[in-house]
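Each of the two complexes below includes chain A, the first together with chain B, the second together with chain C.
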Partner chain A sequence: MNRYAPWVWLPVAAISTSVYATTYLTVEQAQQTIFPGATLTQAFVTLTDDQKREIERRSGVEVSNKEVRLWKVGSGGYFIVDEVIGKHEFITYAIGLNADGSVKQIEIVVYRESYGYEVRNAAWRRQFVGKTTGDAVRLNQDIRNISGATLSSRHVADGVRRVLATYVVALK
Partner chain B sequence: MTKLYLHQTAGTVTEWRAGATFNRGALVIATIAALLGVPAQAASTLEQQVERLGKEVDELKQKAETARPDSGGSRKTTIGGYGELHYNHLDSKNEIDFHRFVLFFGHNFTDRIRFYSEFELEHAFVRDTPSGTPRGEVELEQAFLDFDLTGNHTARGGLFLIPVGILNEFHEPPTFYGVERNPVETNIVPSTWWEGGAAVYGDLMPGLRYDFAVTSGLAVATSGANAFLIRNGRQKVSNAVANDPAYTARLKWTGMPGVELATTLQYQQDVTQSALADSVSALLTEAHAVFTRGPFGLRALYAQWNLDGAAPEAVGRDKQRGWYVEPSFKITPKFGVFARYNEWDNQAGNATDSKKKQTDVGFNYWPHEQVVIKVDMQNQSGTVNDDGFNVGIGYMF
Partner chain C sequence: MLSPSSSLRRARPLLGTLVEIKATGADQVLSAAVDAAFAEIERVQRLMSFHDPNSDVSLLNRCAYKRAIKINPRTWAVLARAREIAKVSGGAFDVTVAPRLVKWGFLPAADGAANLEVKQDGYRRIELLEDCAVRFREPAQLDLGGIAKGYAVDRAARALEEHGIRDYVVNAGGDLRVGATAEAIHVRHPACPQQLIPVGMLRTAAIATSADYFTRKKIGGRYVHAIVAPSGGRPAKQRASVSVVAAECMTADALTKVAALLRERAVSVLARFDAEGILIDRRGARLLSSSARSTSSFGVGAGCALP
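Right after this comes the complex of A and B.
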């Protein structure tokens, strides 16, 4: 008495035909999204132990990678590629800072998990625009949560707070 | 989800290769110079040049390595888990129970093919007894593969949680208030509820997610005290009868930060799995809202089952429904209080007064964002009366 309709297997068919159709956001694309038309120069920075400690003190977030993947923007401003842990996996995101160190925009570059991917939503990311080290940049304070993506939301907020502290300590 | 990828490596590697070629070129020039008897001074300049270029190659190589997206270490295999110890001091019982001990295992085969699983031990102890009455349960609650189709659409196959309600997919103790899960998402939406099958999910537009799943269905009892009770109809994908599949569709909107609105429909042509001469079709309708703004939180959920058939109608189980509303307030980021009012009725289809009510009041204290201590009081009324308090400690990682 098999009542499964033939279209039960549609998703399976979809897997087999289109598994290679994923689109990619490259660093160049992230750069052009945040700083359209600007010229960016790679200027990676390695933090000293003192700087690392000071960033951790200011942000309350551990610095797990002392290398700052930084690009300087010709017209002023900074472009940084950073990573935070989502739930179990790393989220790679790009953050653009204006010349005064305030957040211009953030873009999620790689999301590797099956849960919590809603942090990619533009409306959620827009909450970071204009944030500076003077702001809390904490979940459930000035950054609203996404239910079902609590850890990803919290950790992206923590990452942005750490990057803002990095700007003050090491880039300014 | 989306496998967006950094391609910076490519650019840098090209640069590095160019350097290497130039380096080799310099060596050739030096050799030719030597053979032609070019003055030693010029040869030494070339030597220096070669050395300098060699250094540059090393530097570029280093940069190429650091520019890789995985420099933080994209993890191939991940583990995680959660657990909760409960103390229930109620009219019905006074007991302490390590209710759930859960391990997550995940593996990334490629950027677009992922495995995720949840393995659970309930009630801390399981023994296979001749009487068949072990206390605990060992459960496989999730074991699925996700295949990213495009940036915004993913196909899923395996054993997975039904996309319904607030708690079914996300029930790690630090993420909700109350020691025990709410009775509506226990007796109406039968959390934790998993089935085996295939699904597709993704974004229709930014902030609007869809899920569509075809899975194994329920197999409710057709007689006795549990006749047509949804919760008891879960087959847990354990040699589950597969005569009648279930179709589940969800729309979830998270377009505004701090807001989630979602609705799920599930249809199954026969929830008895053809046990009766006449089929009993079932339709589940569920809707919920979650709001958070600063310290304020609000969760509200409504769910209803309509079972179409003479047999469930005869016992009033053709309609089963419930709802709850749960306001909360975080006094500090680590300490929050909540109240919840629940109503549910698994026999709403007849005139018998079978409604159950429960009010919960309590607090959560998070010494760390992933660790929680919970206390709440519960007060029941209607056709249930199990009052008392609960204390719990839980974690997730």
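Right after this comes the complex of A and C.
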């Protein structure tokens, strides 16, 4: 007997997803989620070559963009938007740092998954630049519940290490 | 009058994967409910991480052979379910196979554990005592990686329900639990993960999937799988995806390991937990179920060349 009454195994052919993206938050929503009610002021920080090298040495992660997307929080602390690229995934995430530089919260902003050359292709990635701030990226946005080993969060963990090194080298 | 309701979808890096929560409910509680659910997942991660030296698991691995150790009721509950599934599966599910996973580099090495034996019924070394205490009868290395993620999903679902949220999906890297509204569930094709196979509609239940497409490693000229049999420490067969549906995600999570190792022979074990499975490999998809309606097998679509 089937105990899960609505559970029906569907004999349906596989569907192909060469590109798949989910937008969780806009940058403004991520700010309000991590620092509710706080006043954030955008700061413009460009890393020098020395800082870039020092961050890479400390974190073991390559710095691909010397512009840091950074906001200062009125009550102390920082809000940073960063991107990481894996073999199949390209993830924009937001990280809130407390005034002492410790991690307050991390939220995924946009997750994009792709099979083929696209993720490593700079032209493909450029279509997303700037789009996370206002409009959500519209790709294949159907809601999918995928049961199955997903990609690990190792690249996000690497990105967080890079952000923490950036804090020590350039913000502290 | 009904209060205004809306939907929220959030993802955070937790449990070594991306954990996604979708929830629909009253505006005034929704955000707090999702925060509470993530907080519960973080708590389970802190307690049951193999990597964190301050977790219950690390504490037990360091000290439980010498004396009984009191642990968090959550960790104890997971150990109790792990033991039940180990017994019913004849030891196919076993939380003491960690030394083999360490040897193959799926888990980091811990002090003094390198030479521990992986053996049939190794889980019997773990003694569950009253008052949430645990003792190892012999030296052992415990790893809850095969069950704790599912438990974290269950706890998150419970946190949402305690806030009055009934419509939700909690998905921790494929260990997934659905609330009161049915959701279409897909699994990845084991040989080409960009292909999604819609396997069914799920409501008020959980599904977990094990597959090696992102985790296998090449050792000594052959690929090994992160699921190993306690008897002889052999890896599960390759290039297959196994999904299990059960009432609780913790049970579904652990039973995927049983199904990956025992395949068709897992049906009776799954039935004992009111669970069903689906196995997808190069021969197609087969249901692992004792129910009459589901004995047929079906194709999973063409167009994917096996490497």
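In this text, the second predicted complex is superposed on the first by the 107 of 172 C-alpha atoms of A that agree within 3 Å, B and C clash if a C-alpha of one lies under 4 Å from a C-alpha of the other, contacts with A are read in each partner's own complex, and residues count from 1 in each chain.
The criterion applied here is as follows: a residue touches a chain if its C-beta (ideal position, glycine included) is under 8 Å from a C-beta of that chain, and two chains touch if they have at least 3 such contacts.
Computed from a predicted model, the values in this text were never measured in an experiment.
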item	value
First, second, both or neither for A:145, with chain B first and chain C second	both
Touching partner for A:102 - first (chain B), second (chain C), both, neither	neither
Touched partner set for A:59, first chain B, second chain C, both or neither	neither
First (chain B), second (chain C), both or neither touched by A:44	first
Partner chain in contact with A:156 - chain B first, chain C second, else both or neither	second
Contact breadth on chain A, by residue count: chain C or chain B	B
Chain B versus chain C as contact partner of A:26, first or second or both or neither	first
First (chain B), second (chain C), both or neither touched by A:166	neither
Touched partner set for A:69, first chain B, second chain C, both or neither	first
Chain A positions touched by chain B in one structure and by chain C in the second	1-4, 8-9, 11-12, 14-15, 18, 22, 24-25, 108, 111, 115, 143-148, 150-151, 154
Touching residues (chain side chain C, partner chain A) in the complex	9-14, 16-18, 20, 22, 31, 169, 171, 173-176, 178, 182-189, 193-205, 207-215, 241, 243, 245, 247, 274, 276, 278, 285, 287, 291, 293-294, 298-304
Chain B contact footprint on chain A (complex, rising order)	1-4, 8-9, 11-12, 14-15, 18-19, 21-28, 42, 44, 64-65, 67, 69, 81, 83, 87-90, 92, 108-115, 117-118, 120-124, 127, 138, 140-141, 143-148, 150-151, 154
Residue ranges of chain A in contact with chain C within the complex	1-18, 22, 24-25, 33, 93, 105-108, 111, 115, 143-154, 156-157, 160
Touch list for chain B against partner chain A, complex	1-8, 11, 63, 66-67, 69, 71-75, 78-80, 104, 106, 108, 111-114, 116, 146-151, 154-157, 166, 169-170, 175, 197-200, 206-207, 209, 214, 242-245, 254-258, 260, 269, 274, 290, 292-295, 330, 333, 369-370
